[in-house]
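Both of the next two complexes hold subunit A, though its partner changes from subunit B to subunit C.
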Partner chain A sequence: MSDTLLKVRGLKIGATVYPPGEKPHDIDIVHGVDFDLERGKVLGLIGESGAGKSTIGLASMAYGRGGVKITGGEVWVNGRDILKTGIKDIRKLRGAEVTYVSQSAAASFNPAKKIMDQVIEAAVEQKKFSRKDAEQRARTLFAKLGLPDPDNIGERYPHQVSGGQLQRCMTALALCPEPDLVVFDEPTTALDVTTQIDVLMAIKEAIADTGVAALYITHDLAVVAQVSDDIMVLRMGNTIEYGDTDQIINRPQDEYTQALVSVRSIEHEEKAPTPEPVLSVKNITARYKGTNFDVLHNVNVDLHPGQTLAVVGESGSGKSTLARVITGLLPPRDGQIDFAGRTLSNDLAGRSLEDLRELQMIYQMADTAMNPRQTVGTIIGRPLEFYFGLRGEEKRKRLIDLLDEIELGEKFMDRYPAELSGGQKQRVCIARSLAAKPKMIICDEVTSALDPLVADGILKLLLDLQKIENVAYLFITHDLATVRAISDSIAVMYQGRVARYGSKSEVLSPPFDDYTDLLLSSVPEMRLGWLEEVVANRKMESAGN
Partner chain B sequence: MHPIVKLVAQRLALGALLLLAASALIFGLTEALPGDAAQAILGQAATAESLANLREEMGLNRPALTRYFEWLGGILTGDMGVALTNKLDIATSVASRMSNTLFLAFWAALISVPLAILLGLIAVRYQNRWPDKAISGVTLASISLPEFMIAYILIFFFAVKLFWAPSFANISPSMDLLDKLHAIALPVAVLVMVVLAHMMRMTRAAILNVMQSAYIETAELKGLTGFQVIARHAFPNAIAPIVNVVMINMAYLVVGVVVVEVVFAYPGMGQYLVDAVVKRDVPVVLACGVIFAAVYILLNIFADVVSILTNPRLRHPK
Partner chain C sequence: MMKNIPLSALIGLVITATYFIAAALAPVIAPYGMAEVVGDVWEPSSAEHLLGTDQIGRDLLSRMIYGGRTTIWIATLATILSFATGSTLGFFAAVMGGWVDMALSRLVDLFMSIPSLILALVILSSIEATVVTLIVLMGLLDSTRVYRLARAVAVDISVMDYVEAARLRGEKLKWIIFREILPNALSPLVAELGLRFIFMVLFISTLSFLGVGVQPPLADWGGIVKENKEGINFGIGAALYPAVAIATLAISVNLVADWVLNRTTSLKGGRG
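Take a look at the complex of A and B:
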C-alpha cells in the first residue's frame, strides 16, 4: 500500500443558487481539482473568499454545505473512492477517519452540552474508544494543547471558556478519535494575533505528535507557510499553483500567487503633526450603562487635519468604544472632545447638524450599513440632500463626481447593494461619507471583512481621497499591516487604556513596552520557520525573567 | 441556584399582581352586563317592587366597589362565598368541578404533548418529504375545523354509528378509572386534535431553526445519523420555545374547554361558568374567572422558568 492517504482527481462541485428575480439555476463552484496528500503531511489550501477552499475541504468528508453538491470526480480516502460509497460508509468515515475543525468554535460547539461530551462523542459513537478511554484521551489532548486545568475543563460548558481555548477544544475534538486526516478550516482567523500564535503552535505540535495528516484552509499565506508541507493556491474554483511551501512562498510562478505574496504594496510617507489638531480627545473615561467598570480609562489622543491616526488593539481593548464616544453614541463619564476648534457636546442629541456633517463614519460590514432596498444613487444622494439641500441636476452632477472618485462610475448609480461585490459596497459607503464633505471620518475595521487584495485597493483609495479632500481618518483596526500601510500616528490600546501613542515611526521603533512588543512580534511573517523562532524567543524570555 | 429562586419569586409576585388586575377586570365586565341575578331569577315579568326586594336581600344594592372589596377580602382568607342563585358554597362546587376539568385536561395533555413532539421530530427528519407533508396536512385540517364540529363528527361516528363511546361524558366519583376513561374518550380525542397542530408545528419550526446552527454541521461531520443529530443536538436547544407553546396549549386545555364540556355535557368548570354567566351569578363567575386566570398565569410562569433552566448560560454562569 502506498503512503497516499487522500487522492483527489477531477473534483467538480456545484450548487443551486436562488438569485432574486431570476429562476434558480445550478452553478459550478469548483472546476476539476487534483491533489494528493500523504500520511502525516499537511497541505495548505489558500485563496480568497469564493475560491472554493472550504468546499474542497468538506468534500474530503463527502459533505456539501447547504445546497452544495459534488458533481464529478473522485475522492479516494484510505484506498476507496468515498463518492461511490453509500451514506452508511460515509458516516463511518466522518468523525473516525476524517474530522473537521471549523473557523468559529464558538458557533460549532453545542451550547447546551458539556465540552467533554462533545469532544468524545465521535470517538465513542464510532466505537473507536470506550467512553472511559476516550475521556482519558481527551484530557491528554487538552494538556497537550496547552489548555488550563486539562482534567476538569471538559466539565465546563462552551460559554464558560474563552474563544482561543474553545478553538483548542475543537482541535481536541478533531484529534480525539485518532483520525488519519483533519480538515482545519481557518482555525485561527477569528482569533486575536497574540492568541493565534498559541493556537497555531498547539495545532502544529499536535499534528507532529499524532502523525495525523491535515488539510489546512486559510486566506492568510503567512499563517499557512508556518504549518504546511505543500500549498495549493485556488482562485474561483481553479488550481492556480500547487507546489511545496518553500517554492510557493519564495519563488511563486503564477502572477496571482505573486500578488498574494507581495500584498500590501502601499508605501505611505508619515506626515508631521500640524499645530492645530482637528480632533482632540481629552481624558475620556467611559462605561456602558448598567455596568460598574470603565471600558475606557483616561484616553488622550490627537488627530491632525488630513492625517491618519490608527487606533490598534485586540478585541475588547476599547477601540470601538472610543469611536462610540467620539460620535456621541456613548456619552463619556469624564473628559471632553474638541473638534475643529470647538468643544463637542458629549451627547449626540446636543450636537448641531454641522457637527454631524463634519464627523462621518464608515463601518466594518458595508452590507448591513446600507439599506438593501435603496439604489447606490439614493444611498449616496441622501447626505447631499440632507446637508446641502442639493436637488435635480446639481445633485446628479455631484453624485457622478463622487462615483468617479471611488472608481466605480456613473453606471453604478441605479444598482442595488446586492448587485455589488464586497469591495464595491465598501466604496459606496466611502462615497456616502465623503458626500457630507467631512473634516474627519472614523473608519471602524473597514477592511477586516475583505480579501487582502480587495482591502489593499480600498486602502489605496482612502489614501488618494485623503490627498484630494484633506480629510482626517481615525482608523480603527486590529491588523498591524494595515496600520503600517496608512497611518501617520498610532495609538495602541490595551484593556481600555492607551498603551503607546505617538507618530508612526516612534510607535513602531524600539524600545517597546511589553504589550506592543507582544503585539508586533505576534503578526505572522511570510517566511518559513517564523513561528518556531517566535515561540523559542518567548520561551527564552520567560526563562530569563 | 440563588438567582433562579429570586427570579421565580419575582415572577410569582408579578403573577399575583396580574391576578388582582384580572379579578377587577372580570368584576367590571360582569357589572357592565345588562341585568343582574335578581332579574335572572325572577324573569322578565317581575315587578319593580319584587326586584328591589330581592336585590336588597341579595345585597346587590350596595355600591359595586364595596361588593368587590368584600369579595376580595373573602378570597384572600380562602372564602369564595356562596352562589347567589342556589346558596351553595362556591368552594365546594368548584373543587369537584375543577378536579373533573383537570382530569380531562390531564389525559388530553398526556396524549397530545408526547405525540406532538414526536410528530414534530418526524416532520423535521423527513422535512419536505411525504411524512412531513402528511403530518402537517392532517394536523392543520384538525385545527382548522371548529371544535364543536369535530365533536359532533366524532359523536356521529363513534357514539351513534359504532357505539364505541358514549356521547355524554358523564363521570362521577363512584366510577372506577377505566369507566371514567371510557366516558371521556371522545372529549379527550377532540381536545387532542385541537391542540396537536399548534404544538407540533412549533416543535418543527423550533428544531428547524436550530438545524441551521454551525454545531449541527459539527454533529453531522461526526458521522451521527439524522435522528441522533436531531435528538441529541437540535432538540435540547429547541426546548425553550417548545415548552412555551406546550404551556399555552395546556392552559387552553384547562381554560378553553368550555365548548367541549358543553357539547359533551361534562360536569367541569366550563359548564359551571356558562351556567353562572346565564344566571348573572357574579360570585361564581368571579371565582371561575380568577381560577382560570391563575391557571393561565401559573403555567406561563412555569414555562418561563423551564426555558431559563434549559439555558446553560443562565444555569451555569461564568
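Take a look at the complex of A and C:
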C-alpha cells in the first residue's frame, strides 16, 4: 500500500444548474467514486460525454471547473487528503506534484509566448529547477517525445508547430516539473488518426521512462487500451466497471461496457453502381478567395442514386472544401458538377430552387446548425413551408411523420435545440434535410462530435432512411470505421487530390498505396499491443509529424 | 413571466412605469396648466405648489409633468426610429458583406466622425425645430451607433451554420435578417436599447438647454433647467428637479433592461 500515490474514496461532485423557469438548484454529477493509482501506473477513465470523467480528473488536483464543487469524499495524494488542505498547499501541489494535459493544446498555449517559456514556467515557478536546469530538462523531454530539432523547437511560437507537435509540447510541459501524477484529458481526441498514433506512442514512452503515474481520460476505448494498466468505465457519474485493461477489453462484465467494446455492429451490403449517377463531379479545381494555392486538384467522383460515397481523409485533405464546391458556396476555378441529369451553376446564386431542394446538407456540429431561437417544429417545418407551400394541418401531419421517422415523435415539436441531447439534435438536422425530399444529402462529419454509441444510432438511422427514401449520401469523414459501416464507394483524399477511388471492396482490399495503408493501419483497434505493432510496421510518416 | 422578478427590476419597473404613466396622463394629474402663471416668482414648496414655482411663477410640478411628457415622448420615438433603421441596416450590411457593407460602414463612419451635438446644432440652425424634425434628426444621428452594434453582432451570427443552411435552402434576405439573425441578436440590442433611450433623454435635454430643442411655451426637462438656471445663484433648486428626474429615469430604465437581458440570455442556448 505504500506505493499508492493517488487514493480516491467516495468522491462526490456537484454543480448548480439554472434551468429556465425554475429555481437554480444543486445536482450531483459524480456519485461517490473510489479508485487507487500506484506510482508508475496508468489508469484510464472512460465514458461518454457527461460521464464525469474530466471532472474526476480535475478533482485529483482539488479543482472544480466552472461552478463545479467537490461536495464529499477524500482525495489522497502522496499520503495527504488534498480536499482538506488549504489553498496555499494546493497551490504548491498543482504544477509540481500533479500536472494536467488538456484536450486542445492549440487553445491552451499562449500564442504570444515562446513554447520554451511556457513549458518551464511551472517548474521554475514552483522552484523545482533553476531556469537553466528546467530548459535542459525540457530539451531532453522534447527529444524523448520525438519532436524534431529538440534543441531549438522551444524557441518557436505555438503557431509555428503542427497540432500533433503542440500536443507533445504540452506533454513536455506537464512532465517538466517531475510530477508524481499527470492528468491527460483527451490528449489525442482533436488529432487525426495518423497523428494520434505518434502522440500516443510518445506519451506512452514518456510515461514509462519518467515513471510518473497518469490518469488518462478519453471516450475512445481503443485508445485507452493502448496506454493504460487499469480502466475505469464511467457513466453519468457512476462507476460501471473497474478492472485491469485485459479484463475490460477481453472479458467485459457489464452490459454497458460490452456495448462499448462491440460498438460498430452495422453491416452494410455494398450496392453495385447504376448506369446513371445522381452526382458527377468533373475535373474540379478550387482555391479560396485571396489565396494562390489550390485546395482541390482535378477531383473526379461519381455518386449513384440511393448509394453512399464516403470521402475520407485527414484534416486539410480538402474533403470539406469539396462539399462547399458541390453546394455552390465556393465556386470552383475549373471543372463542372452534373446533378440529376443537369449541369449545376457553379455559383449558389445561379441555382434554381429545385437544385437547392434536391441537394441538402447535414453539418458536423448540430449545435450551430440549428437556430437556438427556433423550435424543432419551426426548424423542420420551414423546408415544408418553403419548398412545398404546406400550411396548417397538412404541414403538421408531415412534420409528425418526419419526427416519427427520426424516432423522436410528436412531443419534440415545441422543444428548443438546447433542450435536446447531441444525438437528438443531429436527428433533427437529418429530418430538416429529409423534409426537402432531396435526391442527395451531403453529410459533413455528422457523427464525429457524438459519443460512439449515439453515433452508431445515427448511422443506423441514416441507412434505414436511405432504404425508404432512396436518397444518396456524400459522406465526409475521417473515421474509417464509419466508412466501412455505411459506404458503397470510397474516395480517399490526400492533399487535395483523390488518392484512391472505387467501390468499397476495391478500395479496402490490398494492394494499398502508401497513404491508404497508413490511414487504414492508424485506426485504433481494440486489442492490447496494437500500438507497438502498427508503429513497427509503418511505411510512411504521418502528415502531422 | 412576472414571478421570480428580482427586487432591483421591480424597483426599476415601478419607477419607469410611474414616469411613463405620468407622461401619458399629464393633463389629468397635473394640478395646474402647463403655461399657467399661478404664483409669485420662485416660491418655495408649499401645499399648493409641491415643488414651488418657476422663474415666472408657473407651478413647477405641473411643468415637470408636462415636461416629462414631451421629453419621454420624443426620446421614445427617436429611440424606436434609431433602432429600426440602425439594426436593419446593420444586419443588412453584415449579411450582404462585400461592397454593400463597405459603403454603408464608411458612410456611418463619416457621420460618427462629426460630434453628433455639433452636427445637430448645425442642422437645427437651418431647419425649424418641431417635435417631428427633432425626432427624425435624433433618431437618424443615433442610428449610426446602433448600426455599429447591430453589424458587429450580426457578423458573428451570419457565419453560423444555421444561417448558411438558410442560404443553402434559398431563403430570401428578409427571412435571414428577421428570422435567423434578429432573434439571436436581441439580447445585446435590448441592453443597448435602455442605454440609448437615456442618451436620447440627455440629448433632447441638451438641445433644449441650448435653446434649439423644444421651443417655449412647450415644457421639457432641458428647457426647465435652462429657464431656472439663474435661480441657482440665489440658492433656489428649481433647476435641479429635472436633473433628479433624468437620473432616476436613467437608473430605473437600465434596471429593467438588465432584467430583460438576464431573462433572454438565460433562455437555454441563447447567446451569452
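By our rule, the second predicted complex is superposed on the first by the 537 of 545 C-alpha atoms of A that agree within 3 Å, B and C clash if a C-alpha of one lies under 4 Å from a C-alpha of the other, contacts with A are read in each partner's own complex, and residues count from 1 in each chain.
Keep this in mind: contacts are C-beta pairs under 8 Å (C-beta built on N, C-alpha and C of every residue); 3 or more make two chains touch, one makes a residue touch a chain.
Please read these numbers as outputs of a predicted model, since none were measured by experiment.
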**Message:** What does the overlay on subunit A give for subunit B and subunit C, a clash or a fit?
**Reply:** fit
**Asked** Between subunit B (first) and subunit C (second), which, if any, makes contact with A:18: first, second, both or neither?
**Response** second
**Asked** Regarding the shared-chain residue A:530, is it in contact with subunit B (first), subunit C (second), both, or neither?
**Response** neither
**Message:** Output check: A:512 vs subunit B and subunit C. Expected answer is one of first, second, both, neither. What do you get?
**Reply:** neither
**Item:** Which of subunit B and subunit C A:63 touches, first, second, both or neither
**Value:** first
**Prompt:** Does subunit B (first) or subunit C (second) touch A:102, or do both, or does neither?
**Reply:** first
**Item:** After the two structures are overlaid on chain A, angle v-u-w for subunit B, subunit A, subunit C in degrees (C-alpha centres, nearest 10)
**Value:** 30
**Request:** Have a look at where A:418 lands relative to subunit B and subunit C in the superposition and call it first, second, both or neither.
**Result:** second
**Message:** Tell me the contact category for A:125 with respect to subunit B and subunit C: first, second, both or neither.
**Reply:** first
**Request:** Scan A:368 for contacts with subunit B and subunit C and give back first, second, both or neither.
**Result:** second
**Asked** Quick one: smallest Cα-Cα gap between subunit B and subunit C in the superposed arrangement, Å?
**Response** 8
**Item:** subunit A-touching residues of subunit B, taken from the complex the two chains share
**Value:** 213-215, 217-225, 228, 232-233, 236-237, 310, 312-313, 316, 318
**Message:** List the residues on subunit A that touch subunit B in their complex, please.
**Reply:** 61, 63, 65, 90-96, 99-100, 102, 104, 107-113, 118, 121-122, 125-126, 156-157, 159-160, 173
**Item:** Interfacial residue positions of subunit A with respect to subunit C in the complex
**Value:** 18-20, 23, 327-329, 348, 351, 353, 356-357, 360-361, 363, 365, 368-374, 382-383, 386, 416-419, 432, 436
**Complete:** The answer for subunit C against subunit A in the complex is residues 4, 160-162, 164-165, 167-171, 179-180, 183-184, 266-271
